[in-house]
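Which chain is which? They are A, B and C, in the order written, and residues in each are numbered from 1.
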Amino acid sequence: MFIRNCWYVAGWSDVLKGQELFPCQIANEPIVIYRKADGSLAALQDRCCHRAAPLSIGRREGDHLRCLYHGLRFDETGKCVEIPGQDRIPPQARVRSFAVIERNSWIWVWLGEEAEADPDLIPPTVALDDPNWIFRHGFMDYDANYQLVHDNLLDFSHLTYVHPDSFGVGEDWALTRPKVTRMERSVRVERWLPNQPVPNHIKAETDSEALDMWMYYDFYIPGVMVMYSEGYPAGTSERFNGEPPVGIEPITRDVTNQSITPMSAQRSRYCYSWAPRLKSGSTQLADGMIAIAEMAFREDREIIEAQQRSMNLAPDAVLVPTTSDTALGQFRWILERMLKAEQDAKGDAVVQFAAAQA
Amino acid sequence: MFIRNCWYVAGWSDVLKGQELFPCQIANEPIVIYRKADGSLAALQDRCCHRAAPLSIGRREGDHLRCLYHGLRFDETGKCVEIPGQDRIPPQARVRSFAVIERNSWIWVWLGEEAEADPDLIPPTVALDDPNWIFRHGFMDYDANYQLVHDNLLDFSHLTYVHPDSFGVGEDWALTRPKVTRMERSVRVERWLPNQPVPNHIKAETDSEALDMWMYYDFYIPGVMVMYSEGYPAGTSERFNGEPPVGIEPITRDVTNQSITPMSAQRSRYCYSWAPRLKSGSTQLADGMIAIAEMAFREDREIIEAQQRSMNLAPDAVLVPTTSDTALGQFRWILERMLKAEQDAKGDAVVQFAAAQA
Amino acid sequence: MFIRNCWYVAGWSDVLKGQELFPCQIANEPIVIYRKADGSLAALQDRCCHRAAPLSIGRREGDHLRCLYHGLRFDETGKCVEIPGQDRIPPQARVRSFAVIERNSWIWVWLGEEAEADPDLIPPTVALDDPNWIFRHGFMDYDANYQLVHDNLLDFSHLTYVHPDSFGVGEDWALTRPKVTRMERSVRVERWLPNQPVPNHIKAETDSEALDMWMYYDFYIPGVMVMYSEGYPAGTSERFNGEPPVGIEPITRDVTNQSITPMSAQRSRYCYSWAPRLKSGSTQLADGMIAIAEMAFREDREIIEAQQRSMNLAPDAVLVPTTSDTALGQFRWILERMLKAEQDAKGDAVVQFAAAQA
C-alpha cells in the first residue's frame, strides 16, 4: 500500500533530452513519460487500453503516442484519437494520464487525482545547474522496500558502523542524537557534532584537522531528502550554544538531494546528487565527493537488502526500537496517517456512491 | 484452466527418430513420449507412481519404461509390470497413459479420456514431407499465456506495427478487416489485400512490383493454425468481387502451420513451419522465408511477453476491444464454451456418483 | 513444519577455526555461530532485535557480537549489553540463543528450548580425527525438501538404478530387502548381500573378486546416518545364517557419516564424510572413495531435485508404496509422531496459559 496524493520522483529529467520514451514504475503503476514539443512533460499509464501492451514500446508521433502492437494512437491526455481501420472511437478508449512536472532536475509524478496535484507540494530540492554548487548525480535500484531506505536516511547512527571506510566518520554519530521536528509532510533533523575529524568526502575542501559539523535536513513524503552539511572552526558549536549557526560563513559546505521511490513492495529506485559549494569547491572535489558517496550507498544497499531478506524470513518478528529511531518513527507516523486518510476518503466515496444509488 | 478434450501439439515428431524419451509439459501435465518398436507412439504421465520421479529420466526396455530411481517398470499402457524385489504388483500401481498420434509431422496428444480421443478431430495441417511444398520448421518457447499468442495470430492488424522490418508489409493490414467465420471448433479468417507491395518473405518468388494478396486460414482449438497466402496479378481481387479466387493459378503461394501449446499458465510452446510451393519456390526461397518468419516471431515474442508482464502487474485492468478483435473474440468464445462444458460434465459426474452412493 | 526438539547439524566444525562468524539457516531459522575465547561455541539468532539486520554481517568483540547497522552489542547469551548513545537497555532487547555443541567434527544446534537440550541425544557419529579411520568430507546443498533425501538414504534399492556408474553395484540391492528396526528416535537398517562384485569405491582395498557384504546403519532424527559396510569372504553370510557377523575380522571395512538439514521447505544441506579403516586403507584409497561417493551424491541430487519439481507440479498426486519403502515409512512415522507431540505440547501450553489467565 502506497500513498497516492504526493509527488514521486520518477527520475532525473536529463533522461528526456529529445524524443525518448521514459518507462518507469511507481508504486506498482507502470508509467511512460516523454517531453512534448513545447518542452513540458506528459505522463501516461504505460499500458495500452486495447490489449495491455506497454506504450513505452510504442512510438512518438508529435505529442502523441502510438501503440506499436495494433496501432492505437493516444494524445498527451491519454485519450485515444485513432484506431486504425475503425471510425468510431469509444469514449472509454483512453489511458490514465498523470500530473507530471519537471522541477530542479527531477521528474515529479503525482499518483493521485490530477486535479488535486498541487505543485507547491514539491519539496525545495536544489537543481543540478544551480550556480552556487558543483553537482554530480546518479541513481541505483534496491531490492528492498523503500521504507527500509527511509529508515537508513533518517537515522545517521549507522554512519559509524556502516561507513567507516567510505565517509570515515567517528563514533559521535552513534553516540549523540539529533534534534527531530515533525512537520505536516516532512521531518526535520538537525545536529551539531563538535570537533569532528574531517569526513573523507570533504577532506579536499579544507586543511583543518577537525571541524565543528552542523548538519540539517528535511525529509519529505514520500521519500525526498535535502541535506546541508557545514564545517566550522572548533568552538563554533559551543559559541552558538547548540543552536543553528547564524551570520557566519562555514569553512566547508555541501548539499545533497536524495529521493527514494517505491517501484513495488520490494523494489525501489534511489536518485541522488551531491555538491560542494562553487565558492570553496572544485570539479575535482565534486568528483571525489560523489565517488565516496557512491561507495557509501553500496555499503547501505548491502545491509538494507540483507535486512529485507531477513524480514521476509520472519515477517512477524517483534523488533525493539531505540532512541535513534525517533526521526524514522515520526516519518512512518506521517506516512501511515496519510495512507489511512486516503483509505478513509475512498471508503467515504464508496458510501456516498452507495447512498446516491439507494 | 485448460480444456482437456482436444489434441494438443506436443512437438515435431522428428524429435523421436530412435529410442529417445521425449519429455514435454502440456497444460501443467508432465508427459513422456516415445516410439515403440512398431513405429507408433506411446505417451505416459512423466511421474512415476512410486515416488514421483520423472520417467523421462528412466530407460527404455523394449516398449516398456523403467523408472531409474527404484526400478519400477511400466508397459506402454502405463501399467506397472515389475517391482524389483516384490512379487505382488498392486493394481493401482500404474501411471496414466494418453492417446497420442503422429500425424503430418506433429505429435498430437489428447489430454482427456483416452476412449474419447477421436483422430478425426486432428486439424488438417500439412506434413513437412508433403511433395507440393518446400518446408522449413522450428519452435520457440514464450513466457506468456498461450491465449496471448492466439490473439496475436488471430489479429493481423499488428503486422503493420510489429513487423515493418521483417515482413515489410504496409498499412492496409491495419486499415482493413478480414472476413471471420466461427465454426464448431475453429475460426476461419479470409481476406483480400489488393495491390500490395510484395512482402519480404516472398520477394524472391516473383518480379512483380505489387500483388493482390489472398490469405485464408483456419485456427483450431486448442491453438493450431493452417494458413495459405497467395499472390495474384493486380486486379484479381476486383475481378472476383472480393470473393475467393477460383480456377486461376496464383503467382506466389505459401503455406504455414503453427501451433501454440500451453505448458503452464505463463509458459507456452510455439511450433511453426513455413513453405513456398515446390512449383514456384526453391530451397533458397524456403531458407529466406523461414529466416524472415523467425525474425518476425522474435518481434512478436518481445511484445507478447511485455504484454504478459503488463497484465501481471494489473490483472484486473479493464481493456477496450476494437473491431480488429473479432476473430480472437470468437476463438476465446469457443474455448470458454468448451471449458464450461467440460466443467459442467465433471460436475454432473460428481452428482451422479453421489446419487449412486446414496 | 519441522520438529524443534532435536539436534540439527549446522555444518562441519572446521568452518570455525578462528574468529569467523558462520551464518546458517536451519528450518527457516537464520542462525549465526561463532567460537568463543574458551573454544566452545555460541549460536544466536541471526537477526538483530533492533531492525532485523543479520548479525552475521556484524563484528566479533571478544565473545560479544556487534550489529554493524546501528551498533547494538549482544553477549553470547543474546542479551543486548550496549545501545550506542542510550543508557537504558530494555529487557526485551535480546536475540534468541540456541544450545550448540561441537561434537565429532560437527556443529550441533538444538532448535527447541535451550533448557531441554540433552547432549546425550546427539547421535554417535565418528569424528574426522578418529585414529581408526582415514576420513574425507564435504557438503552440498539440495533444492529439495530434506525428507526426499531421507527417503533416498533409507532405501538402497535405488543403488542398482541410480549408481551403476559410480558405486557399480549389482541388482541384488534392488532385489532383496534389509532388516528394518524402528527405535525411539532412529531406524536401524541391516543386511547381508552375499557374493557381491566388489563395489567400485572399495576395489583398491582388496584383491578379492567377490565379497559377502554386511552393511548396517542407524538413521537418527532429524536426518543423521552412521553406516558401516564390511566385506567378508564368500560364504560368511551363510555361516552366520544371515545374522550379524561376530568375532571375525572383515577384509574391508568403511564408515560414513551423513547428515541432511532442512534450510527451508525446499532447500537442504547435506554434510558427509567417508573413511576406510586405517588398518586396511590408505590416503589414496580414502581419496578414491570420496571421489566415487561424490559422483554418486551428484547422481542422487539430480534425481531428487527432479522428483521435487515433479511433486511441485502435482502436490496432491497419489503415490503407491512398495516393500522397499519400509525404512523410510518408519522414519517418516517417527518424525510425524514427534511433530504432533510438539504441536500438542504447544496447544497444552496455550490452554494452561489461558486457564491461568481466567
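Following the convention adopted for this analysis, a residue touches a chain if its C-beta (ideal position, glycine included) is under 8 Å from a C-beta of that chain, and two chains touch if they have at least 3 such contacts.
Owing to the predicted nature of the structure, the values given are computational and were not obtained by experimental measurement.
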Fitting chain A to chain C on CA atoms, where both chains share a sequence, rotation angle to nearest 5 degrees: 120
Same-residue or different-residue interface between chain B and chain C, half as cut-off: different
Between chain C and chain B, distance of the C-alpha-averaged centres to the nearest whole Å: 48
Sites on chain C at which at least two other chains make contact: none
Touching residues (chain side chain B, partner chain A) in the complex: 151, 155, 157-158, 160-162, 171, 174-177, 302-303, 306-307, 310-311, 313-314, 317-325
Of all residues in chain B, those that touch chain C in their complex: 25, 28, 30, 46-47, 49-54, 57, 66-72, 80, 83-86, 90, 92-93
